[in-house]
Amino acid sequence: MTQAPIISFKGVNKIYNNGTVGLKDISFDIPRGQFLVVVGLSGAGKSTLLRTINRMHEITSGEITIEEEPINDYKGQSLRLLRRKIGMIFQGFNLINRSSVERNVLSGRVSYYPTWKTICGLFTKADREMAVRSLQRVNLADKLYTRADELSGGQQQRVAIARTLMQDPKIILADEPVASLDPLTTATVMDTLQRLNREDGITVIVNLHSVALARKYADRIIGLRAGQLVYDQPIAAVTEADLNRIYAEGEQV
Amino acid sequence: MTTMTVMTKPHRTIWQRWNWLLWVVVIGALYYWTINGLKFTGLQESAGAVSQSIVDGLVHPQWSYVYDGSGEDLLSLILQTLAIAFLGTIVSAVISVPFAFWAARGTHERFFLRSGSGKVVLTLIRTFPEIVLAIMFIKAVGPGSYAGVLAVSIHSIGMLGKLFSEAIENMDRGSEEAITSAGGRAGQVFALATVPTIMPEFFSYTLYRFEIAVRSASILGMVGAGGIGTPMIFAIQTRNWPKVGIILLGIVVMVLLIDSLSEQLRKRLI
Amino acid sequence: MTYPETPRRSWVQRWHVKGIVGTVVLVVLLIASSRMTGVDVGMFFSNFGQFMNLLVRMSSPAWDYTAVIIQPLLETIQMAILGTTIGAALAIPFAVLSASNLIHSRLLRGVTRLFLDLVRTLPDLLLAAIFVAIFGIGSTAGVVTLAIFSFGMVSKLFYEVIETIDMGPLEALESVGASKVTIIWYAVLPQILNQFISYFLYTLEINVRASTVLGYLGAGGIGVFLQRSLNEFNYSQTAVIILATLVVVLVIDGISNHLRRVLL
C-alpha cells in the first residue's frame, strides 16, 4: 500500500459523560477500498468506533483524519459534507417506516438540497432517476412505490443501502447490518455490500459479531475489547483460534 | 406481578407481617370520615315521582324537536356541538405541538429544566376546569359557541400537549439518525424523519381528544357556551322531560357515531 | 443484467388524490365549523380588554376566603371517594359479564357491553343536572353522578384487565369441576387485584377533578362556591377556589401515583 490511508486513527480516546471508557488509545489506518470487519463482544466499543468516523459520536482526545484531513474541528457545512461522503447502515435499518421506498431512497440525497426544497419534497428528475438506479443495484426497483414498512427485514436493509448510495459515498459504515436478519437475507445484504466494495471501490467498514461472516467477507479483521484494539490482521493471517480468543477472553473478564 | 403473590418471603419482619393491618385502619378511617362527612339530608320527597316522569319522558321523547327548520332544533344544535368540538380540537392540536416539544424530555440532561417547566404548565392547564374557562371566555366574546370553541381549544392543550410530548419522548429516533448521518441539516431531519414518524401518533391522539371534546362540547352549553347543552339545561330546569329525553337520545347517538367513526379512521390511517 | 421494470403508479397515487381529498375535506370542515360557531378572531381581540380585566381581578386572590372553602373542598373529596367506590363495586359484576374469557355466551356479553357503551356516552355534568332534578340540590346528586360516571369508565378498564389474565390456573380449577364463583375467587382475583386497585385510584383522580365542577349545577362540593363567586362577579374568590382545587387535585394525583407505583 503506497497510497495514503483513507481513514486514520491516531491515539483516539472516548470517555462518556458518566465516566465509562468507550475507546482507549486507538491507532490504526484503513487503506482505500478495504473491506474491514470489526469484531468484538457487544459493549466492546464497536459501535462507538464506527460512529466516531462520521462524528455521530465525538471523541475525547486524539485525532481522526479522513483523506488526510483531520475531522475533529468540522462544524456545520464542513461536517455535513464529511457525512455526505460517508454512508451509514444501521442494525435497525432506520428507514422512515410510513414513507415510500422512493422517498426513503431520495432522503439519502438531503445534503445536496436546501432545507425548503426538502420540506416541499422537490427532488430533481435526475435524482429520481438516480433513486431508481440505486434500487436496481440492490434488486428492489419493483418496490419503488411500496411503503417501507411493508417490506421484509432484508429488503428494508437493501433500501437502506440504496439510500446511502444516493450520497455517492466513498466510505460505508455498517453497524451490525445483519444482526436482526435471518441467514438467507443476511447473505444478500452482505453480498450487496461486497459488490459495492469491489465494483465501486467504496471502503466498507462493518461491525459484526458473527465470526463466520467476518471470515467470509473481510479483507482484514480488527478486534476490540473494552474499548481497546486487541487484534488486527489481514484475512490471510486470521485463524479460527485468534477469533475465538477475542470472544472467549472477553467472556472471562 | 402475578408471581409476586406466589413468592413466600422466608423472613418477614414484624412490620412486614402486620403492615396490612395499618392499611385496613387507614382505609377504614378514610371511609368512616367520608360517610360521616357527607350529608344525605335534604332528599326531595318527590324524588320517586320525578324519576317516574323522567322515565316517562325518556320513553316518550318529543320527536317533533328533532328537526323543525328553525335552526334551534336538535339536529342543528348537535351539528353546532360537533363544530365546537372539531374546531376546538384542531386549534388545540396545532397549539399543542410547540407545547409538546417544550415539555418533551430531550436526549440531553441539560434540558431538564425546560421540559420540567413545560410539564408543569401543561398540568396547570389540564387542571383548570373547562367550565370556568368557558365562563371566562363568555365574558370576553359573549355567550355562544365561539366561547365554547375557545374553552375547548385551550383546555385540550393540557392533555394533547402531554400525550404529544410523551409520543416525542418515546419515538424511534432511528430515522433521524439516518438523515443526520447522511449530512442533513436540523430542519431537514425534522421534515424528513421526525414529522413522518410522529404524525400518525399525533393524529391518533387528536382523534381521541376529539371524542372527549364532543362530550365536553355537549355540556359546555349548560353555562352558555353554545351547543346542545343550552336547550338541555333549560329543558331540565323547566322539567320538560320529553324534550330532555329526545336531547339525551341525540347526545347518545352522536357520541356513539363519533366514537365508531373515529375508530374506523384511526384503524385506516395507521 | 436485466432489471425488473420499475412499477407504474396508479393515477390515484401519482396525483396524491388521497392527500388532496383529505386536505380539502379538512379545510371544508374547518370553514363550515367556524361559520357555524360564529368564530370571529377580531372580536376576541376587540374584547380583549374585558378578558384582561377579568384576569387582572383573578390575579389578586382573596386569601382570607380560603377558610370558607376548606369544608366544601373536603366534601368534594368525600363525594369523589364514595362515588368511585360505589361505581367500582357496581362495575365488578358487569366487568366479569363482559369478559370474553369468562363468559362464553356472545349474546350476554354483547348486551352487557352495549349497556356499558351507552352509559359511557353520558357526560358527567349532564348526569349531574338530571340527578339534581331528582334528588334536589346537595351532595347526594353528586355522589350518584360520580358513581354512574365511574361505573362506565371502570367497568371497561376492568374487563380489559380480566381479558389479559393467564388462563392456566383457571383451566386447572375448571377441570376439577370448581364452581364459577370459586374459579373467580381463587384463579382470577389474585391475578387482577393490583391492577384493579390501580385503576380504581386512577378513576378517583379523574373523579376528584370532575367533582370540583359538579357543584356548579348544584351537586354539592366546591363547585357550589365556584358558581356563587362567578355569579357575583367576585373573581378574587374564584381565583382562590381554582388555586385550592389545583392544590387538592395535585395532592390527590401525587398520592395516587405513588400508590400505583408501589402496587405495580
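Letters A, B and C name the chains as they come in the text, with residue numbers starting at 1 for each one.
Note that a residue touches a chain if its C-beta (ideal position, glycine included) is under 8 Å from a C-beta of that chain, and two chains touch if they have at least 3 such contacts.
Here the structure is a predicted model, which means the values were calculated and not measured.
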item	value
More contacts between chains, A-B or B-C	B-C
Identifier of the chain whose CA centre is least distant from the whole-structure CA centre	B
Rounded Å distance between subunit A and subunit B, as computed from the means of their C-alpha atoms	46
Averaged-CA centre spacing for the pair subunit C and subunit B, given as whole angstrom	7
Partner subunit C, residues of subunit B touching it in the complex	1-2, 5, 30-31, 33-35, 37-44, 47, 50-51, 54, 79-80, 82-84, 86-87, 90, 123-124, 127-132, 135-137, 139-142, 144-146, 148-150, 215-216, 218-219, 222-223, 226, 229, 232-233, 236, 239, 244, 248, 251-252, 255-256, 259
Subunit A partner contacts - residues on subunit C that touch it in the complex	3-7, 9, 13
Contact set on subunit C toward subunit B in their complex	26, 29-30, 32-34, 36-40, 43-44, 47-48, 50-51, 54, 74-75, 78-79, 81-82, 85, 117-118, 121-126, 129-130, 133-140, 143, 166, 190-191, 194-195, 209, 212-213, 216-217, 226, 230, 238, 242, 245-246, 249-250, 264
Subunit A residues touching subunit B - in the complex, by the definition given at the top	54, 56, 80-84, 86-88, 90, 92-99, 107-111, 113, 115, 118-119, 160, 163-164, 166-167
Residues of subunit B that touch subunit A when the two form their complex	172, 174-175, 177-185, 187-188, 191-193, 196-197, 199-200
